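Worksheet: one structure, shown below.
Letters A, B, C and D name the chains as they come in the text, with residue numbers starting at 1 for each one.
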Amino acid sequence: MIPRYSRPDMVAIWSPESKFRIWFEIEAHACDAMADLGVIPKENAQAVWTAKDAQFDVARIDEIEAVTKHDVIAFLTHLSEIVGADNARFVHQGMTSSDVLDTCFNIQLTRAADILLADMDALLEALKRRAFEHKMTVRIGRSHGIHAEPTTMGLTFARFYAEMARNRTRLQAARAEIATGALSGAVGTFANIDPAIEEHVCAQLGLSPEPISTQVIPRDRHAAFFATLGVIASSIENVAIEVRHMQRTEVLEAEEFFSKGQKGSSAMPHKRNPVLTENLTGLARLVRMAVVPAMENVALWHERDISHSSVERNIGPDTTVTLDFALSRLTQVVDKLVVYPDQMQANLDKLGGLVHSQRVLLALTQKGVSREDAYALVQRNAMKVWEQGADFMTELKADADVTAVMSVSEIEEKFDLGYHTKNVDTIFARVFGTA
Amino acid sequence: MIPRYSRPDMVAIWSPESKFRIWFEIEAHACDAMADLGVIPKENAQAVWTAKDAQFDVARIDEIEAVTKHDVIAFLTHLSEIVGADNARFVHQGMTSSDVLDTCFNIQLTRAADILLADMDALLEALKRRAFEHKMTVRIGRSHGIHAEPTTMGLTFARFYAEMARNRTRLQAARAEIATGALSGAVGTFANIDPAIEEHVCAQLGLSPEPISTQVIPRDRHAAFFATLGVIASSIENVAIEVRHMQRTEVLEAEEFFSKGQKGSSAMPHKRNPVLTENLTGLARLVRMAVVPAMENVALWHERDISHSSVERNIGPDTTVTLDFALSRLTQVVDKLVVYPDQMQANLDKLGGLVHSQRVLLALTQKGVSREDAYALVQRNAMKVWEQGADFMTELKADADVTAVMSVSEIEEKFDLGYHTKNVDTIFARVFGTA
Amino acid sequence: MIPRYSRPDMVAIWSPESKFRIWFEIEAHACDAMADLGVIPKENAQAVWTAKDAQFDVARIDEIEAVTKHDVIAFLTHLSEIVGADNARFVHQGMTSSDVLDTCFNIQLTRAADILLADMDALLEALKRRAFEHKMTVRIGRSHGIHAEPTTMGLTFARFYAEMARNRTRLQAARAEIATGALSGAVGTFANIDPAIEEHVCAQLGLSPEPISTQVIPRDRHAAFFATLGVIASSIENVAIEVRHMQRTEVLEAEEFFSKGQKGSSAMPHKRNPVLTENLTGLARLVRMAVVPAMENVALWHERDISHSSVERNIGPDTTVTLDFALSRLTQVVDKLVVYPDQMQANLDKLGGLVHSQRVLLALTQKGVSREDAYALVQRNAMKVWEQGADFMTELKADADVTAVMSVSEIEEKFDLGYHTKNVDTIFARVFGTA
Amino acid sequence: MIPRYSRPDMVAIWSPESKFRIWFEIEAHACDAMADLGVIPKENAQAVWTAKDAQFDVARIDEIEAVTKHDVIAFLTHLSEIVGADNARFVHQGMTSSDVLDTCFNIQLTRAADILLADMDALLEALKRRAFEHKMTVRIGRSHGIHAEPTTMGLTFARFYAEMARNRTRLQAARAEIATGALSGAVGTFANIDPAIEEHVCAQLGLSPEPISTQVIPRDRHAAFFATLGVIASSIENVAIEVRHMQRTEVLEAEEFFSKGQKGSSAMPHKRNPVLTENLTGLARLVRMAVVPAMENVALWHERDISHSSVERNIGPDTTVTLDFALSRLTQVVDKLVVYPDQMQANLDKLGGLVHSQRVLLALTQKGVSREDAYALVQRNAMKVWEQGADFMTELKADADVTAVMSVSEIEEKFDLGYHTKNVDTIFARVFGTA
């Protein structure tokens, strides 16, 4: 987690304070359930809740952990200092540290997912707004970086919207994957703890009980979760690369927003670098690098080993914090992207109308010209445009063999951009439910 | 794809014959839709279907491709040889090669997913059968490779079942992700092809129309698909590692099945190596390695570049073929795993009853012994067992300070394995819906 | 390994024929060494060499393996059919299959490395030739895709040369890493085989004896080897991305070579796609994906498990074959790259001389103008260029405040491209040893 | 970077204070070189060194950066506050921020490498000491987790030594890879800065001048560096896995050191978990995950984009800090590993002498018994041992068909462990140069 690529709400989820707060809630709800089962006295269970509004002293807990070398015991000792030893001795009965740690981790991931879902909502809204704004802003479509046929800037935004909407669905599924809790004891047999306790705690904390756990919650859930974050990061890179291409000096169809004061190098007005989207490209790599370790974490030995722990202490916070920052940054980029329709038109015109050559070719064949002859006709005019910078329509109109079969208005009609945008509404209706 | 780790049905999906068959169906259905729209004559569309039962000549197509340097054109030329040039000239109108290639790739992935789903059904069935068979076969649960508390072999199978069932759900979602088709033309604008054609072809081929495509179907879908295969592979590794641990000489709680004739080294009857599960561990790495490239494929330039293609030509077949083989092999391993309940009991007894020390400790405190004193009592008897190989129960019964508060039958009751298995039915009901 | 991305020499290294040939040589040389030690009779050792010119029958060996389920035994059985059982019974004494398999694998990797080194030599030669050819071909240098200051095309080729030269050095080190052999018996103790045999076989086959092996050669060597291939692939991607950028329609400073006949779409002369370098971008991902599995292979259990085997059966051939193809393809791209100096100049001029604004700014301050005033002077002229498409030099000459401190020739001198190329020779001398 | 897995010396390298100190040195040495060239006055260059012993105020620099949004400018402004504006205006002339940033990053990586090399020296020393200590401590060698033939614990340590020694060599090469500096100006042409300045600064700071840079130092160097760290991490995992296996309850041939006070669960003396090596297994994954992003960083656009920066801000510190911690932890584990030779012997004896069955088989054939008969003889006795827990030697001595060809002493000789250790000295001489 790098401070400059972090936002406070997500960072807060991973603070020691948040962690101890969650630990407390797990323990206190478990006490309630034990009291309901008659395992511990109700008054002691209620007394534990007196710590509800207490501020846990992280430094104090660290101090105790330095002695006990055990984080959960250190916390419980500190809790005892707050609620009194008489009550504290009923806490954590029959539970294992992993019951607390794993359930807490999943709560943190779930909360992180909620922030990420909200991030994606904001991003989707921005993409949708810009899509409709530029629904009919024509630009050249490119395959292999080479001009192909016209499309619109709205379609570009719309496809990013559709991709991010899929990612949102995936993230919701991934959130459900890790919204489970386990309080099943040493090796998951519920030997020392009744399954009803797990059910109560989970219900209180918005989790599902893990149907079968060992000492730990199975890590395939986390692998699926981090893999989903990796896919989202890859889509962020996809948008970022498009913006970086659009901003390059020779293309300049769009630029990341620059505030008045910021204006790049004062001496070089052209030197506005797409640093935000370049940064997003790097952040995508950081999120993606967690995917393989999360998968390597699945195969724990027997009922558990602790190899996953150091990995998760890193990728849990780092990946969610980075992705939150990246989604937010991308939303700003999309929201404020400066689009240059004139430059889009200029680029479209750059090839003197050659982007319409295929339509002309087709029209000639439909007029009865053989495929070979039509090719020759188109090609000889196209080459003039390509090599001498001529205008394709002008050349066609001046070619007697062409005008012998196509009228001037028929030729002009082939250069109509409306031909390429006629189904934009249909596509928008598919993506947004409305055009 | 390595032949020795391949099965014919999955390999067949990726054969040139299958590919050309799918290309044909896409083109023929597209002709039907064009005929319905009046774009091409109905009789020509019908005539294209005469190739339905034809065998496409792969060598001939390769021959043509060697000249044209274009696989789709080579196929269309060969198709023309079958249905006649008069009909063939109506084929592929307004389409781009990617319409055929991408839709075909998704059909292949969908069919691959169907095989994998069937594989998983077989694996789930085997896991379930073995889980019920060994529901109450007690074995020691281990954390960190160290004996912890008793569990059952049935629970081990059951947790693998639950994990694989989650994977099945994930795979179904991933299948839905890539069950889309696109026939949207050069840059996805439907400029030269009516959206109705895409809808018809997709409906005929069991696909959904891609809501918005460029020249290609967006690759976040494929990233999510291959990530899911990576999670499944990691779960395969998880089971494989458990079997490898169980089979090691000192543990020997289970062995991969050996046929009579096979019986390892004839001179060394103990030398039965868990080679199948070791192999599965390696295959898991192979499947997993496709995840990152699939994610790197998402950020294509503008409306498409072709960097994804070589990656997919490899990971498409390789990953699905390897995973199919691995799932099938794992099913055999599970199905025929030779389980040794006696050895499980022997291992459980190996520590002379020390696995019950926590219960004794708890019982002493519940009898009013202070936590400190109870620890001391348990520890001094436990150390005798640990250091001198004594029996824990015997020592406890011989310790006057213990018998002063616990009767012999109370001591014996603490060694009851039923304590640890009492919730197995509950867990089975959660996992299987029935115990 | 995908046939279309394969070259025959590298593929041949991985053929069954090559493998069995190497196995034979290992066994025959081992027989010689055993005979020297008096372990087996000299005449039998010599007799084994009668198979030297024999063609091993792969189908026959497969047939035997189908029965024995063991590849090395199948080979030895077939060898026995050639040299006679009387001689064959002296073959492989005290050896373990891994002695043959691992030593063979390293020989194959070493041979693969030799081909790759030759590939790199060809690539380096092409890069060097093009570097000198375009040593002084000025083009705009770009940071963030935005015009920065002038550089030369020769420097671009030169930096790729320097990078590939480093890669060549790395590959030589990696080749040395895996040029070891081991004939140390079941668990590497030389209990059943004298170390002198390993030394002889290795000396004959151009390998170093592995100082300490278990049943297998340690896999950190292979991890380092495949990691090196991953770095090389990343450098290939680096060159590929540069070419793809240069070829895009708006930049067009270079193009991949097109043969006369090939000439893209006949109707669209601009539609020459950089498909070779796009393909190289994908191939780089394929090579890189082997790095992590090769690292996961390092931690084998105890003296060996066989999890690495299936991984290596795949990445051994696939990665070397793909990289060989990629290096060769890149060499062709570099060798035949069509460079457009005029377009480079046009792009450089695109900003009306603004790329020189920093030099003008510096010159003004050196003339005694305050930093603030100098900025203001430069900026007001730069903005005219940027916003109205004016020419920067013309504007400066027309600005009385500028000409008050700088003469016309002084202004013009600031636009001299020689200022930027004055150290090109120095850099070339560093890279190539000569300018 | 996770505090609990960090050590102060490595963390210090990455502190803001260290970074600004390095920036200062680069700038001050550059001033010296400029003064030598007569570009700036000598007295101003000398005056800059007055900041040599100054403490840079990180908070103040952050404050300035909040306004300027540029870290290098913020630092230079702060430097100006220390050395005076009159001197400061000569600092950084003709340089670009990347000259400072990239050279600094490489210095940090070089220093990190020096710590890692020292870490490896300590680890090698511990491995060597333990290797000689247990040179002849016999234990069973295992393939596939199954008993194979005897080896020694010293050989186990020795092979880890050899592997780590290779890693040390690799790391030294990797250190050399990134020990370069660049002060080559905006796009690497030395247009505004003389190459002599780069040479002087690099010489003063222990770096080589980068032969050809763009705006940045080429990232293939860093890819190779992080790949090397990934290989080292994989070797750490290799050792860790061996320890984890040795410590498992059923094997217990060694244990991580437990201090008196620590002694696991007081009630469960067997519950000493190999948590250090499990942790190392996880840390290895964390180091390894940086390899692919470092490779993705190689292909920057044109003369540079800034996508690599966020990746390196993370993996630079995180990977070196984690690896430093891991190497140090592993050294402690090795240094203090509690080895149980008696238990090794007990495990060796576990199979009643069956590990010698191959030697007996071989001896029988050498006595003239046919291979088939020898097999049958060995097998019928081996099966008794395997199935009924008998002792192999006893059974052989009682088998008249065996004793008909082998004397009792000949049989006994086949069970001599010395047979397996006879070449240990030879191997040690290879690994350590001396036995």
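The rule is simple: contacts are C-beta pairs under 8 Å (C-beta built on N, C-alpha and C of every residue); 3 or more make two chains touch, one makes a residue touch a chain.
Just so we're on the same page, UniProt names per chain: A, B, C, D = Adenylosuccinate lyase.
This is a predicted model, so every value here is computed, not measured.
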Listed pair (B-D, C-D or A-B) duplicating the A-C contact set, over half by residue number: B-D
Separation of chain C (Adenylosuccinate lyase) from chain D (Adenylosuccinate lyase), taking each centre as the mean of its C-alpha atoms, in whole Å: 25
Interchain centroid distance [CA atoms averaged], chain A (Adenylosuccinate lyase)/chain D (Adenylosuccinate lyase), Å: 34
Contacts with 2+ other chains: residues of chain C (Adenylosuccinate lyase): 142-145, 148, 244-245, 273, 275, 278, 288, 292, 296, 301, 305-306, 358
Contact graph of the chains (line, ring, star, complete, other): complete
In the complex, chain A (Adenylosuccinate lyase) residues that touch chain C (Adenylosuccinate lyase): 140, 142-148, 244-245, 247-251, 265-275, 278, 292, 296, 347, 350-351, 354-355, 357-358, 360-361, 375, 378-379, 382-383, 385-387
List of chain A (Adenylosuccinate lyase) residues in touch with chain B (Adenylosuccinate lyase) within their complex: 141-145, 148-151, 155, 158-159, 162-163, 166-167, 170, 173, 177, 185-192, 195, 209, 211-215, 218, 220-221, 223-224, 227-228, 230-231, 233-235, 237-238, 240-242, 245, 288, 291-292, 295-296, 298-306, 358, 362, 419-424, 426-427, 430-431
Chain D (Adenylosuccinate lyase) partner contacts - residues on chain A (Adenylosuccinate lyase) that touch it in the complex: 2, 4-5, 69, 244, 262, 273, 275, 278-279, 281-283, 285-286, 288-290, 292-293, 296-297, 301, 305-311, 313-314, 318
